[in-house]
Structures are given as C-alpha cells and as structure tokens.
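Shared between the two complexes below is chain A, which has chain B as its partner in the first and chain C in the second.
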Partner chain A sequence: MRVLQLLILTLVFAACLLGCNRPESTFVYNTKTEELTRDVGSVVKERLDGDFGSPKNSVAWLRMPIDYGTFKGEVVEVDKDASSVYQFRVAFGSNDDKETGDEEEDAETSPTPGEMNLAGLAIIWKSGDYEGGSQIDGGKRDGEKMATLQVAAWSKDEENDEEGVLSLRQKMDPPPSVGDTFEIVGHKLSFGRQLYAAHCQHCHGTSGDGAGPTAEYLNPRPRDYRPGKFKFQSTLKTNRPTDGDLQRIITKGIPGTYMPSFLLLEDDELDSIIQYVKWLSMRGEYEIKLVSQLYFDYEQVVFDEAVESALKDGLEEFEDGTRDEEPTKGSIRDELVATANADLPDIAEQESNVLADAWNKEKLESAVVVPLVARTPDTAESRARGRVLYVQNCSACHGATGRGDGEQVNAYMVNDQTREKYPVPGLFDDWGQSIKPRNLTRGIYRGGRRPVDLFRRVFEGINGTPMPPFKGKFNNDKKINDARTWDLVNYIYHIPFETRGKSAGDSATKHGRTAASTPSTR
Partner chain B sequence: MKHSKLYSLLVMSALLLGFASGCGGGASDVPTITVKPAEKEAAPSADDTPVGDDTPSNGGSKDGFGTFEGRVVIQGTASPRPALVLKGKAARDPAVCAATANIPDESLLVSEDDGLANVFIYLKKAPKNGKDSLGIEAEQALELDQKGCIFKPHAMVVRTGEVIIVRNSDPKPHNIKTKPALGQPFEATLNQGQTGELVFDRSEPVPVGAECNYHTWMRAYQLPLDHPYGVVTKADGSFTIPNLPVGTHQFVIWHERSTRPLFTRFTVKIKSDGEVVEETIEVEAAKLTDVGGARTKTIKLSLNR
Partner chain C sequence: MRYFWAAFFMFWPIVAIVFFAISPAMNWWFPGAGDPDSLTKGQSMTPLGVDIDNLFYLILIITSVVFVLTHIALGYVLFRGARDEGKKALFSHGSHALEVMWTIVPTGILIFISLYQLDVWRKFRVISSFPEAAVEAPVAEVTARQFEWRIRYPAPGKKLQLKPQPDDLYTVNDLHVPTNRPVMIQLRSEDVQHSFFAPHLRVKQDAVPGQVIPIWFEVTQAGHYPLTCAELCGWGHYKMKARIVAEPQSQFGKYLHDLQHEQNDDGVQDKKSDDAEDE
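Let's turn to the complex of A and B:
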C-alpha cells in the first residue's frame, strides 16, 4: 500500500515538474529538402522561412494570390506632446476611396474589425511620413533592417463600431500624423491558422502534409496539400481548385471518408480556413519546386561525386595555367555551393511567379468545367446509352457491375518517384497510397453527388489518381461528347438500383424502373 | 487509514491542478504576421553573375564551333531484362497487347557491341553563344505513338513549346499521363485514331516519364529543353552533338535505370573551331540495376549535421 502511494506521489510530482511542455509548432521540410547537401539545404530552408515564415510567425507574401484580409483605417487622434507613441486613436472603414464607394457596397470594400482580436497583425502605412514603410525598425526608416510593425491590441469604442484605440508592439518615433492612412493586413491568415489548429491540423498536419497525429489511423489518408493537387475540383485537372471548391469540400465533407462536414462554421471562419489552406499548399509547392530545380545537382551523393569531378577539372586547369590557385576539395565545394546560392534568387523568383499564376483567380474561374449542353433527361434510353459507354470505358476499373472490382485492380503499377513496381497489385495515387476504384453500387460519391459533380469527375478525371479524363473521348464533336457524358452520368446514378445481372435498358423496360427509382437530384 | 485519505486528497488535488492549468491546444496561439511585398527584392549588389564555371566566359561564335560525339557503352555484363508482358498474358486488353509477341522491357537496351541506347546527354542551360538549332532535329519526329501497347519512341528530346502529336494506333483506348517536376502535367485519353497535343511549357532538370493509366507497363521518357543541346543515344549507343561553341561544357548524362543521373558534370572542352571531341563513355552495368533491384542504403554519420 505504502509503495503504491509513494509511486503515485512520485508520478504526480514528476508530472508537475516536467509540466505540460507544449511543443513549438513548426513546419517540417520535405524529405528531398533534407537530402540536399547541408549548405545548400540550409539556404533553401532560409528562403522558404523568409517567404512563408512559421506557424507562429507567418509571412503574408503579397505576391501570392491569397486574400490575407485587410482593414483600411486612418489615424484620427495622436498625443501631440509625445515624441514617440505606442498607441493612437483610429477610425476604420470611413475613409474609403470615394470613387469605388459608389459602385460597391461599403461593407464589401472596407470591412471593420469590430470586436476582432487584431494582436499580431501587420500594419502598413499608406500615406504620411511612414508611407510604404512596412519596413520600419524602432520607429526609424531603415531599408536594411526589415521589420513590420505589429498591432498589440485594438479596443473598440463602446458606442462607435468604427473608432477606437490601436496599440502597437513597437514604438513609433516620431508619431504618425492625424489623417495618415494605413492597412492592417493578415487577419484571415491569423484567424485561419487558429481555426486550422483547432479543426484540421490533427489530421492534415501543421504543414499541411497530411501527416497529423491522427493520419496514420485513417484510410483514405488525409490530403497532403503540398504538391498543390486537390482531387475534387470544378476546374481542369491541371489547374488548382477555386475557393468555391475548397469551400464545398469543407462544408460538405467528403462522403465515405473521414473528412467531416464543417457546415457550422461561420462564413468568415470558412473563408479564413480556405485562405490558410491555400497558403499552406503554396508554401509546400514552392518548396517542392525549389528543391526540384536543385535536387539533381545538390543531393548529397550526387554532390559528392560532382565535387570529385570538379576537383579533377580544377586541377587540370591549374596545370594549364587557366586557374590561379590550386583547388582543394574545400574550395571546390565552396564554389559549387556558391553557384547554388547565386542561382537560388532567380529560381525562387521564377517559381513564385509560376505559382502565383497557377493560383490566379481569373485563370481558375476560366478553367471551370461547364457542360456545353444541359443534362440529358434521365430516360431508359439515355441510361442504356450510358451503359454502353460504361462497359467500354469504366468497367476495367469499376467492374462490370460497378463494384469497383475491374481487372485493373490486379495490374501492377509503377511508383513514379522511384520508377519501381509497387510490391502489391492494385491502383496507387500520386501520394503513393493504395486506392480502390469507387464502388458505384453504394451511391456514395466523394466529390459530391450533384449531377455536375459526376459530370466533372468523368470529364476531367480525378487529380492525383489513375482516374483519367474522358473529355473528347466519347465523340469528336464537343457538344455530342458532353451529351454522351450526361448519358453516362444518368447510368451511374442508376447503378445502385440495378437488378443484378440486368443492364439498365432491361431493368427499365422489364421492371418498369424509371426515373422514380433514381434519386431526383435536380 | 486517515493517513491514506490525506494522500488520496493530495493526489486528487494535484491532478485537478494539472487539469486546470491544462495542456492547452495550439488553437489559442495567436500568430504574428509579417508582410513581404510582392515586388522583387533589390539585388544585393551589381555583381550577381554566378561564381560557377558552368558556362564558358569567353570564346563564342567568333571562335567557332566543335562537335562532341562518341558512344555510351556498358562495362561488365548487364543481364537482359525479362519481358514486361508475356505473349497473351496481358492483364488488360490481351487481344491487342502482347497478342502476337512479348512486350519487351525497353528500359535497358544494349547492342551486341555493348552500346547503350536511350541515354540522354544534355546541357542544363543553353551555352553562351550557342546556336538556335543543331541542324539534326529533322531526325527526331515529333510524334509519340501508342502501338501494340508500347510507346514509340521510348525516349526523345523536345524543345519547350514544341507540339508532340500523341497518337493511338491501337484498336483499344489508351491514356497518356506525364508528371513533370516543374512544368504543367498533361493527360489525355485517346480512342483509336484520336490524337492529342503534348506540349511542355518548361525546361526540366531530368527527363519526364510518360505512362498509361490503362496499361501500367507502358513507359516512355521525354526531356524538354529550352535550347537544342540535348540528344538521345541511338541503338548502338552512338551520339553526335554538333555546333558546340568553343569553351568548356558540363553535360548531364542520364539513363532511366539509374535513380540518379549517371554524370551531372561530364566535362567536354572544345578548344578550337571544327574540333571533334570523341569520347567513349563507360557506364558500369551495376549502376543500371538500382531501379527495381536491391537498393543499398547509405547512412552517413557526421558531426556537422
């Protein structure tokens, strides 16, 4: 008894002593980044951290087409006697551009923070002495030391929603003038991060790598956002999803998987999470692309060989007299690393522009798949035509009866990364996870059950999976092709209600099964 | 007895205290936001030329052009690859695929005199004072056919922006999918006689694999470059790269059976106009087995890490 008590007591004491040591949340780097030679790898990481920051100190890189969230405001009162200030009175929303104010609603163009916690957000001056001076250090302009001013607190007046006192974390010396305008940037990023931590990160991981603590118990695995591939989107397969696509997945969830519906989130919460997920995805893809450009020269093993061969060349040059100093392994290594470091800014510039272009809103909206013809009426004839297409095009994977048991599940696929055959037969996705063709007899459609969702899955395929696009395959005429696609969609809706061993046409005519037995989805 | 009650009270209160102080989730952590402008950062100094010696600093068209030619040969014996699909044993579409003969594994093609085919030899970046065309492009047809469930040709070099006509000559549908490391991926599903247009928008560091979702053994490689200095070795392992400006060049030599490039800096020096540099590039057979074979794992112990 004594021993037990003593044991419990020691354990409790130990727990108290150790405390709840909360681990610092950090982004993890890719395996390939870690495989780079140390000097090059550290420069890549430095750049990545400079451009995107960490979960606790995030960078709102304005080049990326992300709505970080902006509040426009104006200084209305400053302590005149003080030589430097931490806080001053401001007004939000009222000083919006008059020209644009007519066209759109004020609430749209100039949101006010209201009761929102603005702590930690960045402040950018748009007029006055500090204009363009997000780069301010200690109150003085300093081009070299870049530090953004951050908000410490915002307390709204009780009677007026738009005015209040804004406190900063850094001192402003000299103080700003009355009438100076500014923007407070990043509330969606900050709010998004907090919501992501609460709702998403235990599966999708802090870095959006789909490797949160819960992930290993789930099948299918949570999405890894970093390659910039999203399965269920309305856009063409090679494009990124629109905000609307991400919103649909978050609010509706993915039926048949562990992705739940977050329908109860408020609109602003949803928007913040979407922006944060996009930000994580861009960070991940940026890293992958940067490393892709360097990997085949600076991966540790390759790099060691390159040093040897460059040393040989260098020694030859030294003997020829074209090189002044006798090269050593160290000097050659430094030279090669210096080449990588010199190349990196250009690579980063290139990749970030490509990435910003890929997520460009207008570009995505023009890439949305819209059927050219309205849905073909769901008749027995239409389903019969769909059945023919199904047997020709889909049954090899989804099976003749739609159970997801086609012969293709016995084929061996090749891992694209290692160029090796997977050890087991079956289909694999781009993330290297085993996946099964959907069982269509259950009527559960992961990408959404609206007719247009099914149309898009057939038309563009599913990104990152072996589900291929069938656009233009059913007929060379685009309109007829779309009409055929609708026939196939009509048939797919009918599969769960099919009598086993009978085709759609048979069951429709012999058993009188008509549209009534198919879910009315329009 | 009283004593033990006191103990449990103590323990309970300690536990309660622990709960109250809580191991809070990350949700309460408010991040700090810093803004990074969209514009390009100012260059640190005017001197931003790369320090490396990848490109010849002088020379150029005035000095003329030379030729790099030779053969890639295999050293040692490479056991022939077993057929990918045996006759009549195709998992899918056996009436079309491997119907009359085995589908060979084209990932390692060695000629009788040890020449290694389908080796990519290329420069990463266009050389200074290089030409726009090598004058040998006409030999490479810009067509990727899918016939008998085999991609033809197996390996090709293309220029960015060039259109490769993808064709399906089989009576069964094919699908072609590329996954480039940098550029835009491509995917098309084609019926017999249908064609697609495959265009690479960016230069890639290594060749891009094309595959077919339907016939999983099908594979081909294309290397998109934004300059003409890249070739694939012929069946006997021979290659010719004409019009190389005078200077030092670092070639990448890549073969699909090695996960890493065979050489990342194969140095070729063209000293004067009209010079022909002839090299026999020897590749150890053991180097070409690491894909699909047993792979050794190197664990490095270092104090620097």
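Let's turn to the complex of A and C:
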C-alpha cells in the first residue's frame, strides 16, 4: 500500500515537472516533396524554409506581391557612448500614406504601431550607414529577403502610440545614428497568422492544405490552397483571385458548404487574413513548382535507376580509359545530387518570378471578367432562349430539370493527371475529391447569387472543377455571346421556381432523358 | 470554534449581498452595466425586455430577502445554542401552526410569481398577443445553420413569404431592423438546434429544424447589437456571432434598397450609372 502511494505521488510529481508539451506548429511538405530522393528533398525543403520560414517565424519575402504591412520610423535617440546597441528610441511617422495598402483602407481602422506586437518582424534600413540592409550586420544579405527575427520587443510610451523604445535581437555595431529611417515590415503577416490560427486553421490546416483536425468531418472538404487554385473568383480561370474575391468569400461565407461568414472581423483583421492566406497559397504553390521541376529526375525510384545506369556507363568509361577514377555508387549519387543543387537556384528564381507575376495586383485587376452587355431583362423569351442553351450545354451534368443528376454523374471520369479512369462513377475535382454538379433547384449559389456571379461561373467555369468555361461557346460575336449567357443566367435563376411537370414535359422528352433525371423518381 | 457554525451560516448571505453589489462593476450583470461608455448601460433596449428585467429583479429581491432572512434565523439558532452551553435542548414534536405557515407562505409566493409573470410570457411568446403590425409583415426570415445566420428579406414593398421568392434579398450574419416599431422575425434552422440570442434585446429563442418559429421585439435605440447562438450546436458554435443593426425606418428602407441594388449587380450597372446618373 505504501509503495503504491509512493509510486502515485512520484508519478504526479513527475507529471507536474514535465507538464504537457505544446504541439509545435509546423508546415508540412507535399507528398511529392517527400518522394524525392532524400538529399535533393532536403535541399528543396531548405530553400522553401529559407524563403517562407515556418509558421512561427514567417518570412516576408518581398518578391511576392503581398502587402505585408509597413511601419515607417526614425531613430530619435541612441546611447552615444556605447560602441554597440541593442535598443534605441524611435518615432513612427504617419503610416496612413499609400505605402501601407489599399486606398479604401481607412486611416481610423488601420492599426498604429502601438497596437501591434512588433516582436519578430523585420527591419529594413532606409537611410544612414545601414541603408539597404535588412540585416543589422550591415546589410550583407540582399535587401529583398529577410529572416523576420529582427525586432525583439517594442515598448511604446504610455501616452503615445507612435513613440517608444525598440529592442533588437542582435547587436548593432556601430549603433545607428539619430535620424536614420527604417521600415518595419510584416505586421500583417504576423497578425494574419494569429487570426488564421484562431479562425481558419482548424479546417484549412497550418500549411493551408485543407487538412486541419476538423476537416475530415466536412463535406465538401475545406480548400487546399497550395495548388493556387480558388474556385470562386471574378478573374479569368487561369488567374488567381483578387483580394476582393477572397474578402467576399470570407465575409459572406459559402452557402451550401461549411465555410461560414466572418462578417464581424474588423477591416484590418480581414486584410491581414487575406494577405496571410495568399502567402500560404504562394508558399504551397512555390513548393509544388520547385518539386515538379525536379520530380522527373529525382523521384526516389527513378533516381535509384538513374544511379544504376550512370554507374554502369561510368564503369564502362573507366574501363575505356575516358574516366580517371573508378566510379562508385556514392560518387555517382553525389554527382547527380550536385547537379540538382546547382540547378535549384535558377529554378527557384524562375518559379518565384512566375508566381509573383501570377499574383500581380494590376494583372489580376485587368483579368476581372466584366460582361460586355448589361443583363438582358428577365423575360419569358429570354428564359426560353436560356432553356435551350441549358439543355444543350448544361443538362449532361446538371440534369434536364436542374437537379444535378445528369448522365455524367453515372459515367466514369478520367483523371487529368494519371490519364486513368476513377474507380467510382461521378465527377472529381482537381483535389481528387468526388463532387456533384450543383442542384440548381435549391437556389443556393456557392460563389454568390448576384447576376454577375452567375455570369462569371458560366463564362469562366469553376476553377479546379469539371465545370468548364462557356465563353465564346454560344456565339462567335463576343457581345451576342454575353447576351446569350445572360439568357442562360436568367433561366438558371428561374429553375427553383419552375413548375416541375411542365419543364420536364416539354424538353426532356426531346433530349433523351435518362431514368435518373426524371423528376418523379426523386 | 464554538461559534463556527453560526458564523458559517451568517457568512453566505454576506457573500451573496457582496456578490450582487459588485456584479455590475465587474461586468457580471446585464451586458454593458459596468461600462459607462456602453450604449445600453445594462438597460434592455426593448420595452418587453424592461418588463422581463423587472420580473428578474422582483424574483431576485424575493429570493434574496428569503435567503438572507432564513440564514439569519439559522445563524441565530446556532448562535443561541452555542452561547447557552449548559442549557438542555428541548424536545418537540413540532408545531402544527408553524408548519402550516411555512407551507402556505412559500406556496403563496410561488403562485404569485407564476401568475404575475404570465402576462410578460404571453406578450413574449403567444403569437395571438404579438403586436398586430409586426405579425402582418415579418421583417425577415433568419435561418440558423452550422455556423452562421442566413437572413432573407422580402423585396422592398413586398411581404415575406414562407417560401423563397425570386426577388428576395439575402444577407448573412447581418440582421437589419427598423427601430421604434415592433418587428417580427421568422426563425428557422437548417440543420440542428440553435438558439437566437440577442442579450441586449433580452430575446432568446431556440431554432428547431423543421419549424418556423416567430419572434418579435421592438428596439428603441438605434445601434449595433450582438446576436449569438445560445445552444451548443457543434464544434463551430463559438463562430455563430452576428450583428443586429437597428436603424430608423428611413435608413432601413435605404439599406434594403442598397441591398437590392447590390444583389442585382450584373457587373455593368454601376459603370453605367456613373455616366448617366440614374439608379
């Protein structure tokens, strides 16, 4: 008895001492990255972590067109006698000028440095001895990229939000001089991360892979941002969404799915989350792009074969005398890995430029789909024309009566990537999830219910899904095509209010309906 | 230690009184009671809510008085027993008169409370007692779903129908209502049980799947009021925060008009109206 008591006491004591470990929040890598041969994989991971960092230590990579949030400041007081300093007094100037972001951003709602936790953010010197340097070791690294480990703490004056003492994590030797200006970059990224962790992460995952702990209970699954594909956007299908599109989805939610509305977020919170989601998406796509360039040669199985055959060639060359040293498996492997390592910087350079260009704000704004003609008045004639288009173009998936039960639902779809048929009938999206054509009789429109939303869905299709774009399909003349699209939109709006018997009677018989699409069976 | 139990039972009424005395300052009272800057200052923003508050105060006073008095009596008995150490206890079979009294008095109080609150309950819950103007034209249909509030208004100048109409207006987590007139909301649930809870308006009503439950309130002061879910409805229960925006009738009309304009956006109309200044 005594022994048992002692044991329990010891265990309790030990548990108190050790405590519970908080799970470390980390980014996960793609399965394809993990399939690379280890040496190459680790170099890719290193590159990725260097460019984007970790969730706790995110890097504001200035090459990416993200509004990381900037506070401009000036050194106002330094300890003159010290040969090196950790901290100095600073004053932040007016931050509501155009540098910080959108024109819509209200000076009142944009945060002041006093409200933000600046710890961990990067500091870029804009004038003085350190000008151009992001590192306090004198700007040895390029000014574009920076580890966000710079500011250690920021204690603002009690009565003033814009002035206070800034402490750095590394020593400045020599100290900066009074009047040196700098920018502290990345408060939106760190604020966005906090908000993302509170509101989004449990579904969308730390890495934005749509695999958070609550994700498995949801149908449809939360979006995986990593491929850089977003379903409901105002831009052309090949483009990324604008900030406004992401904002719409976050504030309005997606009816018919588990994405709820986050309307009550403050404007600056919303903005920070949008920037963080974009950043996550870019990180994911950057990884995919890097790996896809290397995967063909360095996937573990392929690589092993390549090593074998190179070894064979090498041994032959050695016997012929064209090669000086006798190659071993290890030396061949090192040679091949060295080639990959040498190629990687160029690949990274190229792919990051492609990515930055894809998210370029001006480019996205010019890619917004705007109908050429105003909506056709919602008349019976317009709907009738729309009905004809519907039967010709949409009913294969959405069904003759719009219930989402067209014959394609029972067909076997071919996987775009593997060129093989899926094992079960039905439609699949680019994330490999089974999806259903929308039941249009319910009047629930996921991408928004404004006419322009429906127009864009029809015109550009839905990114990542089998819903194809119908631009130019209805007429060669662009204006007439848009007018026809409006006819179709008018009809789609009308579907929930159609009297069932009538619509099934007059057209379904003409256009070979299947048993499943007969309204009476449901 | 002689007086421990006497002191023990005297301690609790003091705790209770202190607790209620500091509650408003600690923000444990009605929302906004401890905050001089708040819009509501702990007051209900609906006339019926004031009646509900009065009921609450009445019951609080009755129970407090009973609680304090019984504890004083109990403490006194214990104190007497502890003080008069040598005194022999008295054995009693009880007093018929006393028992009748302590049965009839609480019964009377409970019957009084149950009858007295009926009127407020009737106004709050019985649809035939709802203000006629509100029943005539419900302002909106609020559908709770995991995890948000979806709202459907009739088009301006039209009446809310039970089934969705082509010209209905939709919003989410943003319920606008006119002030200074009774408004009725049709409450639905799309999935599980939720509860429509507007603490500043003293409105709380479960939303039950398959049922349309009418609720009404009259907001007397324009402003933004929180709307939350008060029924644990799933893992995202805490996300079900929305706002009720109470505004004067004219602004409410303008809001609906703007909403209609936004909902009819065909991507072209606003560009045109910039030129032609119509709309």
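Simple rule for what comes next: the second predicted complex is superposed on the first by the 444 of 522 C-alpha atoms of A that agree within 3 Å, B and C clash if a C-alpha of one lies under 4 Å from a C-alpha of the other, contacts with A are read in each partner's own complex, and residues count from 1 in each chain.
In this text, contacts are C-beta pairs under 8 Å (C-beta built on N, C-alpha and C of every residue); 3 or more make two chains touch, one makes a residue touch a chain.
Remember, it's a predicted structure, so these values are computed and weren't measured experimentally.
Chain B and chain C, once both complexes are superposed via chain A, fit side by side.
In the superposition on chain A, contact of A:289 is made with chain B only, not with chain C. In the superposition on chain A, A:480 makes contact with neither chain B nor chain C. Within the superposed three-chain model, A:449 lies in touch with chain C and out of touch with chain B [touch as defined at top].
Touched residues of chain A were counted for both chain B and chain C, and B has more of them. In the superposed pair of complexes, A:253 makes contact with chain C only, with no contact to chain B.
Of the two partner chains placed by the overlay, only chain C lies in contact with A:261; chain B stays clear of it.
Contacts of A:411 after superposition: chain B is touched, whereas chain C is not reached.
After superposing both complexes on chain A, the closest C-alpha pair between chain B and chain C lies 15 Å apart. Partner chain C is touched in their complex by these residues of chain A: 199, 214, 217, 252-253, 255, 258, 260-264, 369-371, 373-375, 443, 449-452, 455-456, 486, 493-494, 496-497.
Per the touch definition, chain A reaches chain B in the complex via residues 1, 5, 8-9, 12-13, 15-16, 20, 22, 25, 38, 50-51, 53, 55-63, 68, 117, 119-122, 124, 134, 147-148, 150, 185-186, 189-190, 193-195, 197-198, 201, 237-238, 289, 292-293, 295-297, 299-302, 305-306, 309-310, 313, 335-336, 338-339, 342-343, 345, 349, 354, 392-393, 396, 407-408, 410-414, 416, 418-421, 430, 461, 466-473, 476. Within the complex formed with chain A, the residues of chain B that make contact are 4, 7, 10-11, 14-15, 17-18, 21-38, 40-41, 43, 48-54, 91-92, 173, 175, 177, 179, 181-182, 184-191, 194, 202, 205-206, 209, 211, 213-214, 216-217, 219, 248, 252, 256, 259-261, 263-267, 291-292, 298, 300, 304-305. For chain C in complex with chain A, the residues that touch the partner chain are 146-148, 150, 164, 166, 170, 172-174, 235-236, 239-243, 262-269, 271-272.
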